[in-house]
Each structure stands twice: as structure tokens, then as C-alpha cells.
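For clarity, chains are labelled A, B, C and D in written order, and residue numbers in each chain start from 1.
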Amino acid sequence: MDYNLILKQIQSEFADTPISGRVASYIPELAKVPPDKFGMHLLDCKGRHYCFGDSNERFSIQSISKVFSLALAMKAIGDELWNRVDVEPSGVPFNSLSQLENEAGIPRNPFINAGALVVADVLVSNFSNPKGALLTFIHEITGDDSIDFDPVVAASEAQEGYRNRALVNYMKSFGNIENKAADVLDLYFHQCAIEMSCKDLAQAFILFSNQGKLLETEREILTSVQVKRINALMQTCGFYDEAGEFTFKVGLPGKSGVGGGIVALHPQHYAVAVWSPPLNPNGNSALGMDVLERLTQLTGLSIF
Amino acid sequence: MDYNLILKQIQSEFADTPISGRVASYIPELAKVPPDKFGMHLLDCKGRHYCFGDSNERFSIQSISKVFSLALAMKAIGDELWNRVDVEPSGVPFNSLSQLENEAGIPRNPFINAGALVVADVLVSNFSNPKGALLTFIHEITGDDSIDFDPVVAASEAQEGYRNRALVNYMKSFGNIENKAADVLDLYFHQCAIEMSCKDLAQAFILFSNQGKLLETEREILTSVQVKRINALMQTCGFYDEAGEFTFKVGLPGKSGVGGGIVALHPQHYAVAVWSPPLNPNGNSALGMDVLERLTQLTGLSIF
Amino acid sequence: MDYNLILKQIQSEFADTPISGRVASYIPELAKVPPDKFGMHLLDCKGRHYCFGDSNERFSIQSISKVFSLALAMKAIGDELWNRVDVEPSGVPFNSLSQLENEAGIPRNPFINAGALVVADVLVSNFSNPKGALLTFIHEITGDDSIDFDPVVAASEAQEGYRNRALVNYMKSFGNIENKAADVLDLYFHQCAIEMSCKDLAQAFILFSNQGKLLETEREILTSVQVKRINALMQTCGFYDEAGEFTFKVGLPGKSGVGGGIVALHPQHYAVAVWSPPLNPNGNSALGMDVLERLTQLTGLSIF
Amino acid sequence: MDYNLILKQIQSEFADTPISGRVASYIPELAKVPPDKFGMHLLDCKGRHYCFGDSNERFSIQSISKVFSLALAMKAIGDELWNRVDVEPSGVPFNSLSQLENEAGIPRNPFINAGALVVADVLVSNFSNPKGALLTFIHEITGDDSIDFDPVVAASEAQEGYRNRALVNYMKSFGNIENKAADVLDLYFHQCAIEMSCKDLAQAFILFSNQGKLLETEREILTSVQVKRINALMQTCGFYDEAGEFTFKVGLPGKSGVGGGIVALHPQHYAVAVWSPPLNPNGNSALGMDVLERLTQLTGLSIF
């Protein structure tokens, strides 16, 4: 498979695409990102890198961070986690409260906000410095210690985060949050504010293409069963209320964030990240969705 | 109408009723109220008092306070209030969040918790000392300055109030709360902790039987239109998800609280309060509901 | 109370009101009713009649018929009825199916479509000729044998009634419909197609102002307890998702239909009917709602 | 991969599993199937067959038929289909009506009942003999003309199918059903009553492992893009409200039916069918789910 050629073709095909969608604006820091940023980075399982555009520029990974926190929580408490969060697609928007009401405070999956907050609560319970532990984990799997939170974004999230504050308190009323709401939210707002580039993301997610082992050293970070489950969750729940559409069109496990990043992976083949800030009405990068659909068309391969 | 005879009959009929229902237990202070407390006080529009049992003992009025805060908010901002809270029955439990989700943060009515929190927010915006203002209003309409908050109950409410904290933050995410969540909740938890007896409640609610005027001085506290509307709201929304049942069986406007109090009124005839702590599954005093149904049977009168 | 003067004033005040709202158009027969039809008829408990405009012209009473079928079902099976239909406001649109799903096929109240279909099923089970029995009941309480179904309207309803067909089948899946769907729907589509004038409606509903007795002969048709309950249900559930608003503004029990009719009553005072076909967004006569609010302002009286 | 050994191991491991779950009983024909029936058949992409137990006995395929009708509708009208049915997981039970209410009669996906009824409507519009067309399609892909409907099961389905009748009428009220309800239901009740064995199902579904081509002749029945999409839909929506769980544990696209059959496939590797009638609370074969999880453990392979 000549990924070099394929990425070149994608770059040229999408070069003049008029911008559709709107950059996230619920916090000022995201609103000021230029809408024409566009980058892509693919890392294959043989360690070869392919990229174009703004692939080395770091941006706010937002909900993509939920995959890292989930992996860390699975390492910390294993299958106990599934007593507190389910693994089903939600069928409702990512920040919905109503499903919690019918289901006694158990979030539908770890990638809707409610679920990610339960995962954050697990990390707060299991690490003395949960923010540090999460960064350390990301440093370990990317091999890059310079990845960090953007404190301004984290502070902005905290200032506007009424709905997440509502979610935490609501689940606490059901007994499904162990720690103080403020501590859980502090971790959550920080994890959303982690900054990574397309390259960083591809380097992190190759772990999930490589059955949980680091590519260079083959050291096992996650078991193959854990990786299978995380990939399955990305497949069914990684794109909010558009998970079915992404599976239908792209056919790869992946995860998006409102910063405009999308990361996807083909097990035993590659991990790929795209960045384009304008979002479609479902909150996923509009151009990113199209690019990844084109990628699976050009490679002729998906997991299906 | 010989109310004296009617109350005597009710007292004897219900004297040996076995206790059904369970005393509210979400905070320890409510859980320890003896379940066999039972009192009733009726005040007619000619100023005559009828009572029996524990009618002079004060208890936590809880949601009955929502009528007082509503009246005070209507005096403060008039019809503007209806831009922020609707007047329709909810059809869902009193502390539900899901309806807010479909209706952009506008609570269904001022007597579900979400609506009462918006009303509290209005009071925080319009009074420098909102807790004091609410007590002053109650002192004025009852003529009794000794009515006060129970600080222990208020503190307990605050400690357990995750769902109300969720509601305030959730509405704040829709822009329907102006003040800090903590300030709104502080008022709300205190108003629920006001202590009044059946006699106090009958004295307060006779205002709504008397077209808004104090019984003794005929001084107008609320306009007759305001009173009509408050009574209408009590009729359609005063009993959580059992408002229809109460209207159907009793046929009077009224309001209940999880402290076991129920107050009801027949316009231009009387106001009546009953207290019995054990609650039915809908959160209303089980015995209180039966007593008031019996009262309208014995008087042969309801508003219908 | 000079109702003559009050109706004259209402007639003149509303004479030049520009038409707002839209005439119901889901069946052609309703769509072709002239939007400027406007009539009002008030009958007081002393038997005096007051009216203006098109008050003698018959129109399709639609959902107002649900009050007649409810009364007949209560006479037929008494309190058993409440095992099959609840008495709570619904908080959702009149033709909603979703609430049934959560509540095991028990409709919220007899005035939403689902509830009226259960009531129709009761009539089919209890009368060999249920359509005839319903007409006979209306003839008896109005003293007018010329009231009849419009067969063209009934046929049109049947042709378009997919949602009602869905409701019946859905409740049948829960075991809450005893008869064949076709038989229940045949009665239901016919009852909606009954034609009555404002005068006819006032004559029928004076029964509910007069504690269940015919005005002229004082013969008891319904017990006073049955009347109290029917009035209570009209109060809390008579106006679809606008019942609270009507109670709040008008403060009388009443019932509306998409033919543009509204009937309301003040117990022991009067029954009143208004007709103006254009509907507000909630499906109630826009002008009718305003006229009745004005009526209670001018009389200075409501049940509250 | 020695599938022979793996199936032997599964057979012996599960030989003495006590029966959990309950055989579907909503129609008498399903209720009388012996609960201890158990068979498995795997067909790999090289055309080799592996099986044990009751793998040659035919049973009612029920919802598995939805995959065949979907494939046929995609062949008939292509992407137009997606204007009438969505591709998202539903998050609610398979026979729910409430989601339709919020989404204007557009079913969430083709595998919930509402979606399958829309697909049936498409077939009724596009084939003069839709039942025959569906059988012909199944004969073509299995090479076995003896596969047929069980007329007794179809008649039983029709007799009890109130909820499906409700769904069709409800969607018709939104304009999303073109044909008569009776015609759509006739096809639907028949397709659910198709009888196939594990072997038949494996032979049919190998098409979806083989990029849409028949295994022996390599004739293209579906395009590779169509197959990718059908597989993606099975992955996200194939197991009612347990699709996430199946993806999480098994990690293969698949489809279950209340007759106790489950079919799954690993693209370019194999198709596999299991049959065991007792169902778990989500309506999927309890033993079948466990067997397929064990299969992916023993092969060490899933699509993730």
C-alpha cells in the first residue's frame, strides 16, 4: 500500500474544499483557532510516517483524551470499571442528562461526557496526582515528554462547564461519583485541554493498532484483550451521535474531539490523525470525516 | 357548615388508621420525626379556627415554601417571571432533569424543583438579603415573627443536595440562572428548612382564600389576579406527579411537602393544613391526602 | 351578574380582531370551514340564554366529544375505568405515543387520544350499538334529537387516522384494548365527527355546572361525585399541552376541539361555548382562549 | 487456524452448560422449540465447513432476515434508502416507538423493527411479488431452493403483531410508509418466519465475508462498498440494545434473532452461525453470545 501516494492525492483533492462547518466557540480559546488549519499524519505498523499540512502543530485534543483516560482506568481497576459505566452506544447527544435519569446514574459508555466523568472519578480515586498520571501515560506511549495541558484552555473550560458540573452532581446523587465534584472536574477540564499534534496522536494510537505494545520496543502497555475492547468502544461510540455514520462510511475505530481532531486506526495496519477545526452539526470535524472516508476508499480497506 | 363537627369526625375516623407510607429519609433530620404525628388546622374566611392533634407543632415545610417564594417573586418582577418558568403540569417526577433538556432550560412550572430554583434565582437577583426577605414576607402574612429556618435541616439539605446542584448548573448552562449556583442553592435549601405548624400554614394560606388580602385588616398583599394564578398553579402542579389525582379526588388547590405537610384552600371559604409525616410513593403525605378527600366529602363542597 | 352586557362587550371588543392561527387542515372537511366564523353562547344555571354571532351554527366538536364518552363510560363501569386510564396531566402532545411506552400502555388521562380510545373501547364492550348509545346520551342531556355525526367527516378521519390506528394497536400490544381495533376506531372517528352548535354545547355542559342534574327537570344523570371528577379532569387535562395555561389565565374547567370549539363552565353559575376555527400552535381556538380569559376578567369570577 | 479443533473444544466446553435464559414465547410456535437444541456451523473463505450438534436443523430466523431484506433493498434503490432510514445505533429497545416521535418517523437503523418495516415497504414498492423476491435472493446466495417460510409461524406473527402494526401506522402518519399497512406487514411477518439451519446461514453470510461475491463462482451479488456498509450496520446495530456489548466482547459484525440464532462473520476469514433457543434479557441467544465470545478468544482474532 503506497500511503505516500494516497496522502498526496488526499491533500490535492481537498486543497480547495470550501470550508463548511463552524469552529467550536463555547470557549474563546477554541473560537480563535484559524478555520483553515489542515493537517494529516499516518503512521503504519512498520514505523513509517506519512504526513502533510499542519500535521506538526499542536491543538486541543478535547474528547480524544477520553481514550487515554479510559485506557489508564482499565489498567488501574480492570473489569470493575464496567460496574460503573456501560459499553452501549447512547443514541442521544454527548452531553445529555436524560438517559442517566432512566438508567440510575450509569452512563451509557465511557465516551459520552457522563462516562468520561466517571472514568475521571476512577483516576482521582486511584492516583494521588491524577493529572500527572495521565500526562505520564501519554508521555510513555508517545515517547514525547513535551506534551502538556494548556492552562488557559483548562481554566476556560472550568468557567463555562456548567453542564459537566450538572452531570457530576447528578451522578453523585445516584452514588456513582466517589470524589468531590470539584476534583473530578479539575481532572476532566485539564484532560480536555491537552495539546497534541496529528503526529503525536498517530504515535499514541499506534498502540491500539499494535495489540497494546509499543511499536519500537514491543513492550506491552495494554493487553490485547484490553485493546480489542477499547477499539470496539471507539467503533460503536467514538463519534457521539454520529458513530453509526462513521462506521458506515469509514469503517474504522476512531475518536473525535471538538478541537477539530480525529484519530482512527486500522488494526495491524496503521494509526492516522487529521485536524481541521470546523465542525459539522454533530460536533465532528467536517473535513476530517470526509478525509477519512476518502482514505478508506483509496486504500480499499476497512475492518469490514 | 359546622367545621367543628367535621373535624371531630375526621379525627375519630382516622384515629386508628394504621400507618402506611414511609417518612422521608434523605436527610437524617426528617428521618427522625415520629411517624405518628398527626394534626389538622382549618381557618375559615370569617376568622374562626378549628383544629385537633399536633396542629401547633412546627415541622419542616419543605416544598410548601415554593408557594411563598413564588408569591414574593411575582410581587418583585410581575409577569416577567413567565419568561423564565412555564405554567404547565410536568408529567414527570419533581426532581427530573430530562424535561429541561427538551425545553431549553425552561422549567415546566414553579413547583417542580427546577422551577423553584429559578424562582429562588429571581429572589437572589431582587433582594439584597433574600433569605431575610422571604422570612419577612411569611411574618407579614401570618402575623407571627417567630417563624424561622431550622439551620440544621438547611445544612443537611446542602450536604445531600447533589440533584438540586445538578439542576441549577444545568439551567445555568442554558442561561436561565443569573446568579452563582451557590447563592441560589443557599436560599433554596433554607426555604425548604422553614418550620411552621398547621396553624401557621392555615394562617398564611388564608390569604389565597381571601383574594390576596389579610383577613383582619383587609390590606392587599397580592392582587386578586395574582392569587387566581397562584391558586391555579397549585391546582394543576401542586402535588408533583399526583396533581391530577389530588384534583380528581379532593378538588381544591393545594401544596404538599416531603415533611408530611399538606395545605389546601377553598377560595372564599377556608384554608386548611394537615400534617402526617409518612409519605405515599409519590412523595405526598399518605394520611394527609385521605383526610383532605374526606373533608371535601363531608363538606360536600369543592371548587368543582 | 349582567351576562347580557358582558357578552355584548366581548362581541364588540373582538369584532375587529385580526385572525391569528390556522384552521385545522389534516382533513379536507375541516380545512374548508371559513376562518371568520365566530359565535358564543352562555347558559346560566337559572336557564337564561345569552349569545351572539354564529352561535347556532353546528360545527365538528372533535375532542369535546371526549367529555361525553367519558361520562357515558363512567356511568357504564364506574371506578373500574381508572384501572385502564390514569387521571394525570400528560405534559406531552395529545397524540403522543412515547409516554405509553414508559407506562405499560396505560394512558395518562381520558382526554389525550390514547385515553379517549380506551374510553371508546369501554363503550364498545358495554353497548351493542355504541355509536347509537353515545348519540342517545347527548340527545338526552341536550333535549335535542337532531344532533348527529357528519358521515363525511367521520370517513375522512378514518382515512387519515394512522396515528390513532397506531395508538390502538400499541395499547392492544399491552392488553389495554379489548375489542378489535377497527371497531374502537369506528366509534372514535364518529364521535369526533359529531356536529353541535355553541348553543347545543352550552345546553349539554350545563349538566356539569348543575351537579349532574338536568336543569329543567332536576333529574340526576350523573352523581355529584362523578361531575366533580369530570370537571377536575377538564381542569387539569382539557387543553392538551396548554391545560396549565388555560387554568392559569381562565381558571375554569373546560374542553377544546380542533374544530375551533371551546366549552367551559363555572360550577353552579353557567356553561359557555365559543367557536372560532383558527387554532393556536397548541391546537386550541386562538380567539376562543382570549374570549374566555376576557369573560372571567369581566365577571371577576373564576373557580379560584 | 484449525477451526476443526476449535469447534470441538467449544462443543465440549459448552456440552454441560446449564440452560439459562428463556425461549421466546410471544407466539406458540416459538415457545415449543426444545430449549436444549444447540448447533454451530462455520464456513471459511476457502469453502471448508466445520460444524457440530443441531447445525442442520432449520429454525425460525426471525430478525436475521432483516439483513437479507436490507441487502435486497440496497440493490433495488441504492443510496435513496438512507433518506428513509438512518444508520445510527438506537440506544432503546428494538420495538420502541418513542424515538420515532422525536425523529419524525425516520427509524434509527434498518435492524430495529421500525427500520425493517421501512425496508419491507421499499421491497413492496419495488417488487410485484416481494415475498417471492426475498426467497429468490436467499436461494441465490445459498444455492438452496428448499429454504422457505413457515406459514404457521407467519400466521401467528400476524395474529400477535399489534406493536408492529402500531409502528407501520405510526410511520405512515409521518409519510414514511408508501404502501398499505397490511401489505408491508404481510411481507414482514413472512420474512421473520423464514426457516434456515446454521449451515444455511453460514452459506448465506459468507457473501459478506467475501466482499459481496459468491464463494464458488466469484459472481458479484453486492458491491464491496455495499458489503462494507452492511457489515458496519451489523457491527453497530445488530444486537438490539446489546450491540455495544457484542462488539465489546466478540468484536465481529453479526445479527441475532429471537428464534435463538446468531450469525457473525470475520471479513475475508469466515462466516459462522450458532443456534440455541433460550434468550438473555436483551433477546439474544444466551449460549450463542458466550459461544461466539469463546470463538474469538480461541482464534485470537477479531476485527479489532
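Criterion: a residue touches a chain if its C-beta (ideal position, glycine included) is under 8 Å from a C-beta of that chain, and two chains touch if they have at least 3 such contacts.
Just so we're clear, the structure is a prediction, and the values are computed from it rather than from any experiment.
Shared contact partners of subunit A and subunit B, listed by label: none present. Per-chain Cα centroids separate subunit C from subunit D by 47 Å.
Averaging Cα coordinates per chain places subunit B and subunit D 55 Å apart. Subunit A and subunit D have centres, each the mean of its CA atoms, that are 32 Å apart.
Contact with two or more other chains is made by no residue of subunit D. Two chains count as a pair here when they touch; such pairs are A-B, A-D, B-C, C-D.
Only residues 86-92, 99, 108-109, 224, 227-229, 231-233, 235-237, 241-245, 247-248, 251, 253, 267, 300, 302-304 of subunit D touch subunit A when the two sit together in their complex. Every residue of subunit A that touches subunit B in the complex is listed here, in rising order: 96-98, 101-102, 162-163, 165-170, 172-173, 181.
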